[in-house]
């Protein structure tokens, strides 16, 4: 959360949204995920691949890299405070991931309309090598993530 | 593993490959994954969504459904005994998945050439509703999964 | 348009929609596309690959197979009479396509919610070999395709 | 072809490859495609949407934008002189494309191994608005595009 916010209100909303999400996100907790950067429509997360995350060939299970990227997408795409859900995501694996690797996933919004938004998430290892190319297409519902609190105020 | 094998040798190889993979697949173990059907180029797996698998909105994390499907793909695409790796996978989410749901993922090969193969994996919940549509494109290396054993014999 | 319609009103609407679309679809006309089957949420189209459709290596340009599948998707996904647009489409190419090949693309709906629908389109050559695996995710707007006519009545 | 080549031999090979491809690429000719930039592993192409390129709703057929991006990918991914073919491509459509729009598609390589390479292609209209996000995964064969000429020399 190091970038200077260009719009303090938008930045504050982004941080409030992601703090709320992290409270409930049990699977990201299991992954050991940490949010290292957050801004409106963007998020970077980090985790270390542990021995219990390998597949049948002893390398990191593809689902683990996908999950890290998917969490980055979820954080980035909900920063504006309206519930946003994945429609379709894909992942390509340019290089193998091994236990002990420190992975960083950065989600950026490429384009958005009222209902749809398009993101890329790049996953790199500790050497800066790209190990996964993830893209996500999301649907923005009209539901306010804080509607109940708002009504109570 | 209920389907009558049409080719007993191919079926035996498929079972030997997947048994070997399961020995090392720590992440599938964490998922609670169970192989319920296996045949050459096809696999069905099952798991129950646990509370520690939810995302920030209390529904099943997208990465969990992806991981289940990805394991089904890995088992199905390696049944012929040559190391096969994912090139690109994608997932679409027609319906939400909740804690307690029993998910079944069935991988089938649609088409294959010498080096590439194309799979679909359908994930259904306990009511038979389709909750995820996954597709995988894989690369078949020339590496024999049992080359060391073979040499030792 | 050979399948016996199970719901005559839905079938009549499907045929009315696609007839209207074909009137304006100049690119499908250039492709030489012909609708050979139509039903609610499903369409099959056919074309022959011509010499002016090849790429720099003398085989059918990937965009031509994609376009045929995309037209099949557009017809199938609009049959219910509400304007439906593509969000994201992808294509995999299991086999090369050559000039002279007669291609058939069949679109089927896998799953749908109020706003989103998920289709697969399979493209086969004249020997029945699968040459392209296309999938489409579409967004159903609330706009009635015949709203002006309806208002005039 | 405006960028100063950092490696003159690689740049010369890229230009020789694409000149050869353009000689035979009848469909890119029909599209009215022009190569505006070329470098090793990168290409930018341009075309104008004509009235015969519309779909049943009077906007540019999705297959036309895909085809333009696919040609950019083909040029970029063959610049090193080995025959390279598409494994899987996808496209997302952030904004509608209309007849008369001047489209530019830029292909860049994100990552590559010996056999596989991963590209993004961004399609923009004349206002610089992103109208299509395309990605391509390609397979590099071992076939030299100029093997016959080489043998004759």
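For clarity, chains are labelled A, B, C and D in written order, and residue numbers in each chain start from 1.
One rule holds for everything that comes next: contacts are C-beta pairs under 8 Å (C-beta built on N, C-alpha and C of every residue); 3 or more make two chains touch, one makes a residue touch a chain.
Note that the structure is a prediction, hence the values are computed from the model and not measured.
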item	value
Pair exhibiting more inter-chain C-beta contacts, C-D or B-C	C-D
From chain D, the most remote chain by mean C-alpha position	B
Between chain B and chain C, centroid-to-centroid distance (C-alpha), Å	31
Whole-Å gap separating chain B and chain D, where each centre is the average of the chain's CA atoms	34
Averaged-CA centre spacing for the pair chain D and chain C, given as whole angstrom	25
Contacts with 2+ other chains: residues of chain D	87-88, 90, 92, 116, 137
Chain B residues touching chain C - in the complex, by the definition given at the top	90, 92, 94-95, 110-113, 116, 118, 120, 130, 133, 135, 137
Residues of chain A touching chain B in the complex	20-30, 51-58, 61-64, 66-68, 70-71, 74-75, 78, 83, 85-93
In the complex, chain B residues that touch chain D	87-88, 90, 115-116, 137, 139
